[in-house]
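Right, one structure below, let's go through it.
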Amino acid sequence: MILQLPALIIIVPLLAALGVIIAGWLRNALCFPAALAALLVTLLSAILVMGQVMHDGALIYRLGGWEPPWGISFYIDHLNGVILILVSLVALINLIATRSVVAQVFKNRLGAFYSLYLLFATGLLGIVITGDAFNLYVLLEIASLSGYALLGMGGGRARLASLHYVFMGTIGASLYLLGIGYLYIVTGSLNMLDLAALLPTVEKVSLIHVSFILCLVGLFIKMALFPLHAWLPNAYAQAPNPSASLIAPLTTKVMLYVMIRMVLTVYRPDLAFNRLPIGSLIVWLAVAAIIAGSLLAYKQTRLRRMLACIIVVEVGYMVGGFWLGNAAGMTGALLHLLNDAMMTLCIFLAAGAIATRVHADTIAGLQGLFRKMPFTMAAFVVGALAIIGVPPTCGFFSKWYLLNGGIEAGHFGFTAALIISSLVNILIFFKVMEVAYFEPFENHHHHSNGQFIQEAPLDMVVPLLATAGFLIAMGIYAHSLVTGFIEPVISPLMMGSL
Amino acid sequence: MKGLSMPDWAEFIIANYNYWGVAVLMMIGLYAIIAKNNLVKKIIGMNIFQVAIILFYITIATKLEATIPIIRHGHGHGAHAAGIQAAGYMNPLPQVLMLTAIVVSVATLGVALALAVSIYQRYDTLEEDEILEQLKAEELRQV
Amino acid sequence: MKYIGLIAVLLFGAVILTTSLEFPAVGDPNSPASRHVSDDYIEHALEETAVPNLVTAVLADYRSYDTMFESAVVLAAGLACFFLLRRFRRKPPPYRLYRHIDTGVILIIEKGGKEPTNSDEFERIDANWVPYDVIIEKAAGLVVPFLQLFALYVIFHGHHSPGGGFQGGVIFGATLILLALSTDLRSTLRQMPEKSSAIMASTGLFIYSGTGVLCLLLGANFLDYGILSRLLAVDPVMARSHGILMVEIGVGVAVSAVMIWIYYNLVSAGRHDEGL
Amino acid sequence: MIPIGSVKPLAAVLVSLLVIPVLLSSRKPNVRESWTFAAALIKFGLVASMVPAVMAGRSFEFCIVPLFAGIEFKLQVDAFGLLFALVASFLWIVTSAYSIGYMRGLDEHSQTRYYCFFAAALSATIGVAFSANLLTLYIFYEILSLATYPLVTHHQDPEARSSGRKYLFYIMGGSIGLVLPAMVIVYAVTGTLDFAPGGILAGGFTSIQALPLLLMFVFGFSKAGIMPVHAWLPAAMVAPTPVSALLHAVAVVKVGVFCVFRVITDIFGPVTLQAYGFRTLLCTIAAVTILASSLIALSQDNLKRRLAFSTIGQLSYIVLGAALLTQSGMTGGMLHIAMHAFGKITLFFCAGAIAVAVGVKNISEMTGIGKQMPVTMGAFFIGALSVIGLPPGGGFISKWYLALGTLEAEQFLMLAVLLFSSLLNAAYFLPVVYRAFFCTRSETMFESEIKEAPGWCLVPPVVTAGASILLFFYPQPFLSLSKIAVSRILGG
């Protein structure tokens, strides 16, 4: 059974998604337990698979029993083993945390919600695990489609934002497909490893360069890098809370993983960093993303829209860090990919918990929250500190690597952008803290005792606090995270071309 | 038709007009998404863009003087497989991929139309600028 | 905004056009695309899967994982339409139209008025579809069974002739949509309620992934039909062909159910009372 | 310097953190305060238990977790760190006693939160004292800034809000904006951040590159209150007095100066700094701060603001001590940490006692209260003597070494600055004492009301005043510790 584990990671959530549709129609109460069980099994098998990969290197699982270039294969190495665990963990925590809100908001479409939820998770897991370029496109579409539906379920404004997300997402995916088409014309194969082997033998080099550019632009649209980010703040701000706190932490990170997989495995880093002059151009693009995103976030008056703008900044960190091209920058980008998923989950869950008690989404509406919802605000503080990059939390350690990379690469624009955005983050988050700390709650009286607290429901606060604790744990054990998972990915590259 | 020698520019056009058609369709589709004001026209533009890419893959699959990729009855049955020449049949792989891409474009079209229908139910218009005005008015009433 | 878009599109078009000069000429047999992997498909597919239609062989066996997720995309679309549009609050429409079958007189009955539902002289019509459609109704009634037979033929003959799960499923779905168009949405809903179409959709995909899991349980990799020979007492190559057939049926069921489901929700904007 | 691997440093840091859950769960105030008291005593006991070993020239080490290649989250107790930890933990015992009286006296709200964040701030302070490398120091520095923010803005009124904003802007802005990049640059070039006696730069930088780096560190650690980045300290006086007493006289500001001292001695190293010729620059920075703050202190009417500006001046004495790069200069600087701590905390205690007893904050309203509050004003006088540096107060010894240091470094201008600023110190302290004792009160309106501060607020200032006199006659633990530390830095 151990050999079949990789397949389990994908099939279990898919079968659960199908089961949940039927459960939705027959007996509603079954939906949540089925989804919970599926994601638990997925997380477990992801961890076991990662154990296998750590034990005896990269793992290839042949679907349908066919040799890779003919059939489709899973390719799991240190890079995507960790991200599999990350995706299933975030999906699991969010599922548990948003149970009561979902049961209340989507009463009569519970089956559909949980099925779309699981299809979204399956799509992302499939993208991360697959070793076939076209198969990645199909799973990209599944994740996007269920994402459009989950995000679109809200007021009129959410529908329009989701429609824009459909347009941008489709253009991005189609550009990626076009890039794969170019590769197919030149090599005739779709399997990533096979492509990597065939590409050097191709003499029409300009086609490879154009296909690389197309793939990159398509992925930049999907991960909302600066000039192409317009859809993200609206899509995540207007969406219902449970789906925003699922999609926000994961989509941009998995798209980033696809970019890294493309550069490191398919096109080989030599093409991306040495032969094509786009490396420093993209880093300057990332600098623009960081600055613009920070200023945009500072201007917002609504809490969740501000948090969405911060995602644009984080994408700028990761893309900039990766394209610096040196070991520290790449390690920083990968570590930030892991950290940022948890950080975004923490603050979006906190925003969701606040939304259950305070109906105004504006920042001004958060008066006296430290007194009213102390635990939620404590988790929000930890999340905010992680994003600012204050030491005990994980954000600091990935920012440290990014800064290191920026300085070693001599790219002072990127280093300055990192520092400026940290300072702006301080302003942003402490603007929120001040409102929650200083301004008195309407019937706020000083000498209130314990019973005054109106916390969010317990099954929302406990996962939230667990995530906050996780942020600190990831911070303290960042070094073992790096040496365990990220080092084996980066070190072979360093000896090689760079 | 074989014997008639064609000038090389005609040869060149025959060899490449498919790709130009695909490129033009892509430009039309992309421009429609960006520039059009009506939501359904944007959706149509999106569909054109996806169809263009499907066409692009299909042009890769074609082979001159090759039939559709179904092995003719009795050809290479049992005796020996060597009888099947690859040049005789078109390339099946892109057609499989495009089956998937067609299904994906239909699914995306379905979701986009569902969103458009629900927006129309809510705002009674599909013109984006009118929708944005109503949204702004709603925003002012709320604050 | 338009001009930036125009410039971007022209730039994009220029890039595509200039690179298209380097493409191999359309249709030359030894272009790299048609040499590396596709030659093996053409030459070995028949002996490995006993399926002459190469596209079905590649679709349902070599790359069956792709197709499984393709049908999952279809299912996701159906779910999305249901999730976004479906409205369960029964808001009765302001007035209902009833037409006297013989004379063609239309009664507009306000809310709360007595409606001649059970008498057979009156038939209820939708608000926006008035004229007599006897011809269409009768013709559709005649044509639909044959169409459905043809749809089943297309599903089952995917091995030998162009066709397969998707195409057959869509035709089957189209026949039911034809029924809904010719009569009215409510009668079709009575015949094929939303609940059964949803469950049919997920069972279709269950059949597909169930076959894959069956292969898994028997010891081979996911979706490796060769192992089914133990179950079907057939040599592995034929087992593959039967595996492909099972998968095609699953896809056909799923796609037809989802087509109808999407139609129900799109046409009536989720209220399921008056559609096209 | 044979390091003993032991968990004592970690225990000393964590003891006050572990008490927080107990504080949160204790219902009755007495239980809560007694737990705080116990934690303070245990912490001081742990720190004191390490003194004999460090006196014998050994140091304690404990590595918690590796952070980056070449850097661990490591605690190391050497003489200088122990000196600062001794001062901070001893004074915490006194302050927790004092804050019981003060908080009860003014019936402050949400006292549990106050005690918890106070304990967290202390553990971070001890963490800074015991950190083995610049990164561990930076981590505890950040935790300290965050733990003190709720203390500074305790009253949650608009004034606290604006001073909290200023507090954050200077401190977090300085640490993330200046110290972080500087640290990364040092790490990128030298590959390590561990504190090594001779400094770790080892010629990695030319003098043009080293100058901005040094300035980023000096002005980045804005808790040291060097002139342009000092504005948060007077603003932080809005906090309750025990906070400004322990944190803004002893713990927080001394952390800033401690970090600057560490950077100067263990990152750059005296030899390299002399080679770059930055000694005069550093001395002038310190001198400017000393003179300017003393002059501003003259004009402040609010007693706590005057004490705040005097603290800024005194801190720059310590920076001056470090900047002199000579044996006795550094010894004087280190000693001044202890001496100034005892002196200044007495002054803040007296200010708090006056606020509790009379409810008066400005010096102009304090005429003639000496007759009614002889003990408080007496302690105030002794504290003032120690801060000015007159004989019976311990401050005299550290200023003596500082003066010797300026002579060794041939910085005669600095000697003049030292003496003149001591005069200024006297100029802004003694009038307060004179006005309290020898002037009679004009309005007789609340003649009868003035009485001595409650017991809890009275005993601590007397204890610290007595301690600062004791230190004059018996400066032994701190003097020997600083001598060992300096010999390690210069001799090592």
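Going in written order, the chains are labelled A, B, C and D, and every chain counts its residues from 1.
The criterion applied here is as follows: a residue touches a chain if its C-beta (ideal position, glycine included) is under 8 Å from a C-beta of that chain, and two chains touch if they have at least 3 such contacts.
Keep in mind that what you see is a predicted model, and the values were worked out from it rather than measured.
Considered apart from chain D, the assembly holds together by touching as one piece.
Central chain assignment: A. Criterion: smallest distance from chain C-alpha mean to the mean of all protein C-alpha atoms.
The interface with the greater number of C-beta contacts, when A-D is set against B-C, is B-C.
Placing every chain at the mean of its C-alpha atoms, the farthest one from chain B is found to be D.
The centroid of the Cα atoms in chain C and the matching centroid in chain D are 75 Å apart. Averaged Cα coordinates give chain A a centre that lies 44 Å from the centre of chain D.
One simple way to say how far apart two chains are is to compare their mean CA positions; for chain B and chain D this gives 71 Å.
The geometric centre of chain B is 18 Å away from that of chain C, both derived from CA atoms.
Listed for chain D are no residues, as none touches two or more other chains.
For chain A, residues that reach two or more other chains under the stated contact definition are 134, 138, 141, 145, 148-149, 152, 159, 184-185, 190.
Multi-chain contact residues of chain B, defined as those touching 2 or more other chains: 26, 30, 60, 93-94, 97, 100, 104, 107-108, 111, 115, 118. Interfaces, counted as pairs of touching chains, are A-B, A-C, A-D, B-C. Within the complex formed with chain C, the chain B residues making contact are 14-20, 22-24, 26-27, 30-31, 34-35, 59-64, 66, 68-73, 76-77, 81, 84, 86-89, 91-97, 99-100, 103-104, 106-108, 110-111, 113-115, 117-118, 121. Here chain B touches chain A in the complex through residues 26, 30, 33, 39, 42, 46, 49-50, 53, 56-57, 60, 93-94, 97, 100-101, 104, 107-108, 111-112, 115-116, 118-119, 122-123, 128, 131, 134-135, 138, going by the rule given at the top. Within the complex, the chain A residues that touch chain C are 4, 7, 11, 14-15, 17-19, 21-22, 24-25, 61-66, 69-72, 108-109, 112-113, 115-116, 119, 122, 126, 132, 134-135, 138-139, 141-142, 145-146, 148-150, 152-153, 159, 182, 184-190, 198, 202, 204, 206-207, 210, 213.
Touching chain B in their complex are the following residues of chain A: 134, 137-138, 141, 145, 148-149, 152, 156-157, 159-160, 162-163, 166-167, 170-171, 174, 177-178, 181, 184-185, 190. Of all the residues in chain C, the ones that touch chain A in their complex are 15, 19, 22-24, 31-38, 40-41, 61-66, 68-70, 72-73, 75-77, 79-80, 82-84, 86, 88, 195, 198-199, 201-203, 205-206, 209, 212-213, 216, 220-226.
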